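In the two complexes below, chain A is the common chain; its partner is chain B in one and chain C in the other.
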Partner chain A sequence: MSDAAPVADRRTIRARWHWGWITPPVLLVALIGGSAIGETNIPISTVLQVLGNKLLGLDYPVGRIDAGIVWEYRLSRTVVAACCGAGLALSGVVLQALLRNALADPYLLGISAGASTGAVAVTVAGVGAGAVTLSVGAFAGAALAFVMVAALARAAGGGTGVRAAGIIVLAGIAGSQLFNAITAFIIAKSANAEQARGIMFWLMGNLSGVRWEDVEVAVPAVVLAVLTCLWHVRALDAFTFGTDSAASLGIAVRRVQVILIGIAALVTAAMVSMVGSIGFVGLVIPHAMRFAVGVRHGRLVPASALAGAVFLVASDVISRTLVPGQVLPIGVITALVGAPAFALILIRGRTTQ
Partner chain B sequence: MKLVYSAAFLAANLAVAAPAAHAQNTNYPLTVENCGQSVTFDAAPQSTITVGQSATEILYSLGLADRVVGTSVWFNPVLPDYTEANAQIERIADNDPSFERLVNKNPDLVAVQYEWHVGPSGIVATREQFHDLGIPTYIMPADCDTKDNTTGGDGTRIAAFSTDSVYKGIRELAAIYDVQGAGEDLVTGLKDRETAAIELARSLDLPEGLSAAFWFSSADLEIDPYMAGQKGAPGYIMDKLGIENVVQSDEEWPTVGWETVAKADPTVLVIAEMDRRRFPADDIQKKMEFLKTDPVASQMTAVREGRLVVMDAHAMSVTIRTIFGLETVAEALAGFDFKQ
Partner chain C sequence: MSLRCQDLGWSVRRRPIVEHISLDVREGETLGLIGANGSGKSTLLKMLAGIRAPGTGRVTLDGRDLSGYAQREIAQRIALVEQQAETGDRITVRDAVELGRTPWLSALRHWSDADEVSVSRAIAAVDMQGFETRQWNTLSGGERQRVHIARALAQDPKILLLDEPTNHLDIHHQLSILSLVARLPITSVVALHDLNQAMECDRLALLQNGRLVTLGTPEDVLTCDRLAESFAVHASILTDPADGARVLRFHKPA
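On to the complex of A and B.
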């Protein structure tokens, strides 16, 4: 009995060591891979020369178009893909823990439905008359939907406990249905097929419009999310046993709920408005990581963030290279690659238990 | 009554269509094989409804504006010659019309530009629904002759488009309306313009390996643009003028990354101008601004050398305007300096 505490401590320390050492090299490889592989064939030596010129101030002679493609298009895109993957995976971790619902994902709170409505309102219905960009419309829609869902959940009351979690889920479903219906209405009313196809392409997730300005939004959002989650790992652990247990462990239930759900919503809205709603990552990466590193959030939070980042960078590379000369929606790839992979994890998880 | 009417029309045709001496009169009932279906006409249609601007404009060009009672699916303003005539005719819808609105006008022909409006999964209705009500339909052959419309979206060209299918559509419509003289005149006029444009390009002694890309629009400015594939109207224009398309796809309007376009570095970039304002990139000014400011697109040779051609968006689809597009590109090439 007296041995238990030191063993647990050592384990925690080893776990910290673990991800602290693993994360930088894995991220570096992912970023270089994302910059090196793309629609067109640029030799890896050229890619490294461009990165050397830009990052280390070296002076290799490289073609201006190659340099532009690697630095302006691919690297910025890869960084944002990594941020999106990490952000969505963390939102999934937070919502699954807080709502104690295995099916919770970042879009549960009506955010992607609201973003779709905002995007469609701008591009199809012509709100803003060409002055408002698709991203701004999507963010506004996402924010509006979340506020409505939160207000509904609050109005429906339920205080804390299982009932409150259930009410948030139900409010999210109601909000999503409402905004999906508005989207369908706008498309049916005023879009022709070509227009609807253009917007569907975006709704399925698309990273091709990403530039360095987006990095300036994505990186701070994800850093904020990671730090907030790491700060609250104990609370997240406590919530998995229910709000009552969390309260009895001295967690300020209401405050933690507001902060964490707010952060999850903010990060998701930021990502959706930049790249559309990429499915699967936020739902499945947290589950996959629970199988891999266990349910303790001290490990689950960094592991999910890293796995989400790498998964989305890899999916983006595949989406750019699977059909030569054409880019597929990344949401299609995340589901195509992710669903079988997750099925394997589920089956293996069952046999080892 | 009918006799008087067609006699009057015959006289009008003879007056207008003097050069086309070989033009015949149509013997009704006339059966036309059209996009996989047989359509029979007992007499020339008197009240037509059009679905698609191209079908509308071909009827106007045949001098049949007085037989059109309603139009729909517009992309651009009507050709300047027909502004007045068009103003007299009810515009049923800017985009897709509803089946009941069409049927309610009691047309004796529905002339259609795109098969997906009335095809097997037609968004207006299926051809059978019209035929069940005794309303014949005619789809412009340009949209089905060399094209597989079952692939969804804008469809896929199975063989390269050629203006022959546009001429075929003009001739068939001319036969249906018994205005074959006007049909021949229209075809001859268009063919002359086509030949002249090709001759002009040939006389320019253009450099070897001249390449181009046609940018229609983009869902968002920085996102992958819709670029013309190999086999549609732009493919035809490039083929006729001896230009290579940097986009390899056979899709009508595939999305192609700027990375691919920039890397292929086309000699000339053709940009669509349209009145549509759905996406920011529909605006030609926004397109130009993007090309000048994007860190990679601005490095393309065509942009640096100012070899940008502005073209009517409707000329990039398979219509009589394709031939005007051919002229636009040929004339633009004449103004460019390829020495650098």
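On to the complex of A and C.
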């Protein structure tokens, strides 16, 4: 017991200094990298000069084309990519912790599919007659999908045990299939060929259409999610041994579930409405980070948000540069990189246990 | 800190699991809950712990209805050790015990030396020093049970509720956990299967089909007639020559 206190001091100091100091420079490097690298590489000095001109009102002489590419095209896109990555990774952390299921992520539980359906219903089928924005439609779809999946899991004999963990995944698969079918139905019924092609591309995850207006949605959504999760890190930890155990540790289970799953649905919906559904981030990043920083959410939440952001920025850069003259859907890259990475993590985890 | 329940009931699809249970847990006592499988012990404990809302009746803590307390306030007073609480997370023993401090912490009230001391003391109380950095999945069933008990102790509760805490434990640790619970200067309610261990409680509540059959001292409750009725066994009551204590030996009814 004599050396317990210093150990704790060291640990809390490490936990507190860790992400607070690491996050800003890493994010900055990712954003600059995302702005500089592309089909035409732009020197970092030029990127910094553009940033200086735009953000600090400086007056560096920068070519107008370079400035346009960096500011109008790449930077907004990179910021949104970072927000999407962070938001989806956090959604994964929250859903995995609260549902006690390692496979839970917004994609698997049908939230992404519901958001897609909502977005398509608004844009293609004209639901809401112009009064409803695409983001609102996506959120309504995401919320509806999750409520349906949760209700189905409950009706199928949910609860807190091991069996319930399996049931929520099965219900999620059923929900995803249903909403994907509805999406396909709406597209087939209402969209013309040109629209359909654009939507299919968007559904696979696509950052091409992103502009600064999207940043105004993405940044607040992700900041809200990060702050909410940080506020609830102890509650997330308390779910380690299930909901009954969390309740006996003083967690208002229902309230925490509604707030955190609501935030996860909100962030997912916001991201899907901008960039379509991007798989793998919500599933892989939290698992990778558990290996890197452990299972306690005080570290897992900031680490996952940061790693998700960097991962998606990097995926976006790859999607823009892998095939010359063509931009691949980012969902393809996240899956191509994510699947083998996940396999490696699984294998490594097995041998180190 | 007084815990009492009045006319407590809970049912699943109209099938009653617990019915009309009223009892008073006396301050400082160790109250044993006994009864055959499915007699409602776990459900009763969950309602007493405030993690399951009563279907009928009410639970009061210091005269106030439990539903009037915030969940956190309950957890600062009552700790529950469930029968089976498992995790697939790669959590260490120390992490698991630290969870017990959750009701005392918030986003604004950070981990302190006092929390550290509570955790270390709880780990020592269940004889798990040296296991702090072990991963949960490498622990045996009995070790996991002891960690759960340490987690409950780290909550610094006034009332400790234990659902069959000696399951999975070897005989040495069964006895040490029970004597630890008896020694603790707090109120405890323990669901037990081993009736000889139940003899060590201050009082026993015997449950049958969700109802409270009787409540009293072990000598009054554990009679041959009652055992035959509630557990369908014949019992002989022997005397341990070492200390004169009563020992039960059971036979299958002919």
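By definition in this document, the second predicted complex is superposed on the first by the 271 of 353 C-alpha atoms of A that agree within 3 Å, B and C clash if a C-alpha of one lies under 4 Å from a C-alpha of the other, contacts with A are read in each partner's own complex, and residues count from 1 in each chain.
Just so it is clear, contacts are C-beta pairs under 8 Å (C-beta built on N, C-alpha and C of every residue); 3 or more make two chains touch, one makes a residue touch a chain.
What you see is a predicted model; the values in this text were computed from it and never measured.
Touch criterion met: A:Thr40 reaches chain B, while chain C stays clear of it. In the superposed model, A:Gly262 makes contact with neither chain B nor chain C. By the document's definition of touching, of the two partners only chain C reaches A:Gly294; chain B does not.
After overlaying the two complexes on the shared chain, residue contacts for A:Tyr73 are found with chain B alone; chain C is out of touch. The residues of chain C lying in touch with chain A in their complex are 46, 49-51, 70-76, 78-80, 82, 85-91, 95-96, 99-100, 102-103, 105-107, 110-111, 113, 116-117, 120-121, 124, 135, 137-138, 148, 155.
Residues 1, 4-5, 8, 12, 100, 102, 162, 230-235, 237-238, 240-242, 244-245, 247-253, 290, 294-296, 349, 353 of chain A touch chain C in their complex.
Taken together, the chain B residues at the contact with chain A in this complex read 73, 95-96, 116, 123, 153-154, 219-224, 226, 247-249, 253-260, 262-263, 265, 277-280, 282-283, 286, 294-296, 299-300. Against chain B, in their complex, chain A makes its touches with residues 38-40, 42, 64-66, 68-69, 71-74, 123-124, 126, 129-130, 133-135, 190-195, 197-199, 201-202, 206, 208-211, 320, 324-327.
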